[in-house]
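Pasting the structures in now, so scroll down.
What follows is chain A paired twice: with chain B in the first complex and chain C in the second.
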Partner chain A sequence: MDITLDQTCVTSEDVVARIIEDELIIVPLVSGIGDMDDELYTMNETGRAIWSRLTGEKTLRGIANDLAEEFSAPQEVIEKDLLGLITELVRRKMVVVQ
Partner chain B sequence: MTHLSTIEIQDFPLWDKMKEQRKLFSFDLEITARCNNDCRHCYINLPAGDQEAQSKELTIQEINSIADQAVALGAVWVLLSGGEPLLRDDFEEIYMLLKRKGLLVSLFTNATLIRDEHIALFKKYPPRDIEITVYGATKESYERVTGRAGSFAAFTNGLNRLLDAGVKVRLKAMAIRSNFHELPAIAAFCRVHTKDYFRFDPQLHLRFDGNKERNQLIKSERLTPEEIVILEKADEERFASLQKGCDTLINDNFAHVGCDHLFHCGLGNGSFNIGYDGTFRLCSSLWAKETIYDLRQGTLREAWEEFVPKVRDMRSRRQEYLDNCRSCTIVNLCLWCPAHSHLETGELDSPIEYFCQVARARADAIQEVPQLENMKTL
Partner chain C sequence: MSEQGTYVQKLRPHEFRIWKNKKPLLGQIDIELTERCNNNCLHCCINQPEHDVDALSREMSTDFVKGLLTEAANLGCLTVRFTGGEPLLRPDLAELYLFSRRLGMQVILFTNARLITEELALLLAKYPPGRVVEVSVYGMSPDTYDRVACSNGAFVEFRRGVDLLLQHKIPFIVKGPKLNFLKEEQAAFEAWAATIPSMEKMPGYSMNFDLRSRRDDQLKNERIAKLRATPEETVAMLSRSPLYLKDMGQFCCKFMGPPGEKLFSCGAGHGTCVDAYGNAQLCLPLRNKESVVNLHEVTLKRALEESFPAMREIKATNPDYLRRCARCFLKGLCEQCPAKSWMEYGTLDTPVEYLCDVAHAQARFLGLLNEEESAWEVEDWKERVARFVEENWPEGKRTA
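The block that comes next holds the complex of A and B.
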């Protein structure tokens, strides 16, 4: 499935995100999220900034705009990174495209 | 750029922090003291129909509150145990409540009560793992241990259904008098059914409720020190590992001469235990009144932050303890600990002769020159 910057996304109810010792830990609730059922996931600073914005309120383009400003990075680089991560998260059922 | 990565439990940032200070990682939640089996060696198996025990069990609302507090303190992992957890009618609700809080959930069960609903639940919402005890490899020995007709068939049915569904199952066994003759067959059974894990435990401890008649039964099921050594030697891999780790098991530095602290294990450092009636304990074996905090009268944070340090600071003035267990160089081969001392004697600091005998026999054995080629394989 091709994801575009005009779409909005929300985090899936099939995972639980927790902050543990200042790290974002994503705990799969259902089977089939990862290669193994007992895998946990963590994200780097940029990933965490993206995750916190996946509330369905802004399009991915809007989120990219915010991130480009926050991280003082070129818009096109952010957009490419964002789409890459969202595609991975959607494939793993951690994020749902609305 | 990779923004998402998997993280293994052993790589959790928590471990580094735990080296610096106490950090909660996991807790055990005994959701019932009742069991549908009546195992001879068991320390917590009140009858399934025990209404008094049932009336004391934590409600779903209380479990929800405790889990919220545990998560707020940073807990990552919970072990659901009992008694037999599947005896509770609201087991699925409890399980999902814990999962939805982002906890990894493990389960101890005898597998005899596995139903369609459990299979569907565990397939969709996988547990971290399910650990099942194998009491015997035949109907005769299994049911001699459990005291319940039909339990072997129920166990094999439950186990096979879990395995067929692809649920991660680990098997273990208690090595006791009633199944000693069958331990090689039990080991073979376990290895046929699961690949990654098998362990047996010959060290029985006494009951939480102090039932004298049942404690006598448990003692009668204990193996002799010599039998325990034979058993350990028969497991080549395990025994070689013990011999390899000899220096970390027997060491003069373990003699804490001049130290009168009772607790030298890691209890209360990263985990705790919640009893079926809302009692907070530092480990599943520790039942001394002065070491128990009632969560129905207080908060988990208070128990964790204020009560645990007080228990860990408890000291002994008993010379018999200070001269023996406290200064013992083979303490890491011994079942002795303040919790087990209390279960055996009512005191937290009394040496227990049977434990001493087992530890000495194990120490003698692992210090022998390896002669593994003469050992019978378990």
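The block that comes next holds the complex of A and C.
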């Protein structure tokens, strides 16, 4: 599935996100998220910054704009990162495209 | 902000960075949901009758357990183990299970499987616990199972429960007690266990049974003592594994040496077990009133940060303990601990003769002790351990 910047996304209700010691930890709640039932997931800094914004209120482009401003980073780099992450999260059923 | 590589990292709990440089305040919480059980196993150290009114009336409420789970999750806890008694006797088990999962905790469920229902199996299939269910098995036939469990019809219910787990593809492992009258069934048990998809190794056995952990039944204690594996049987059972010597080499490399006068050299108090009535214990079997914290009065955080560290500083005063256990290098082989001492003698620092005999038998088998030697009298123990490690786990020589 191709993800575009005009889409909106929300985090899936099939996972639970927890912050422990400043680390974002994603705990699958239902089967089929990972290969093994005892797997947990964590994200890099990019992932953490994006995850909290996946509320469905803004398009991915809107989120990219916010991040570019917050991190003073080039828009195209942010957009590439964002689409990379969202593609991965959708594939892992951690995020739903609305 | 661009970073190379994958955005999402898949890890097992122990691989997370947060646990790498320090111990979590609470990595796992054990909660005994009830001491009541629908079995009345001959060797059990804790069970109360299924319909025991007093036990039932004192058990934690659903809301109290949920509060505990929430506090545990807020402390970073990633795993809860529900045990008992038989935790499935609680009508709110499914509710507590789902509550834990929604907090983002993985659940380890200890059960005899007799009360697994279609509904519960469906729940476990839809929301997998994240950890294997652990099923205790007390025999491979109605005759033996019901005899160990002292409960007619128990075997049939157990098999029905296990079949539901298999049918719904819920990962589980099996384990059992090593009792002499189950000896004839051991091969059948192990062959059956090998057919269970999630069994990655041989089933675990308990054989050096604990006495009643509330010191509540002298008659049962006498029976349990008779059911225990002798030191020789223990050694024979342990040494069945072809990896035994290598494993012991690795183990000895890390854990041998006199513990000194401090009683808690184990992991007790780094985490907790909450009993059925809301008391936080340093470890699962240590229930004497002076070393538990009432969580109806004190927060879990305070128990972990203040009460337990203070308790862990307790030192032995029993001269016999100081002469023997404090100076004994078999720490890694011996199950002597304050909990075992309390269960056997009602004090925290009395040498448990049975455990001492088991540890010495093992040490003699491994060549760490000669006949008639007592481990606390050995002066060259470091050389003996180093020699043993070198012979059986050469790769560990550098760290020995």
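Miscellaneous remarks
Keep this in mind: the second predicted complex is superposed on the first by the 98 of 98 C-alpha atoms of A that agree within 3 Å, B and C clash if a C-alpha of one lies under 4 Å from a C-alpha of the other, contacts with A are read in each partner's own complex, and residues count from 1 in each chain.
As a convention for this text, contacts are C-beta pairs under 8 Å (C-beta built on N, C-alpha and C of every residue); 3 or more make two chains touch, one makes a residue touch a chain.
This structure is a prediction, so every number in the text was calculated from the model and none was measured.
In the model built by aligning both structures on chain A, chain B clashes with chain C.
More residues of chain A lie in touch with C than with the remaining chain of the pair chain B and chain C. In the overlay built on the shared chain, the residue A:Met43 is in contact with chain B and with chain C. By the touch criterion stated above, A:Val10 is placed in contact with neither chain B nor chain C. Legend: residue contacts after superposition of the two complexes on their common chain; A:Leu29 is shown touching both chain B and chain C.
Residues common to the contacts of chain A with chain B and with chain C across the two structures: 16-18, 20-21, 23, 25, 27, 29-31, 34, 37-44, 46-47, 81, 84-85, 88-89. In the complex of the two chains, the chain B residues touching chain A come out as 1-9, 12-14, 17, 23, 71, 74, 76, 99-104, 123-126, 128-129, 168. Those residues of chain A whose C-beta lies close enough to touch chain C in the complex are 16-18, 20-21, 23, 25-31, 34, 37-47, 49, 67, 71, 73, 77-78, 80-81, 84-85, 88-89, 92, 94. Put simply, chain A touches chain B in their complex at residues 16-18, 20-23, 25, 27, 29-31, 34, 37-44, 46-47, 50, 81, 84-85, 88-89.
Only residues 1-3, 5-13, 16-18, 73, 76, 78, 101-106, 125-131, 171 of chain C touch chain A when the two sit together in their complex.
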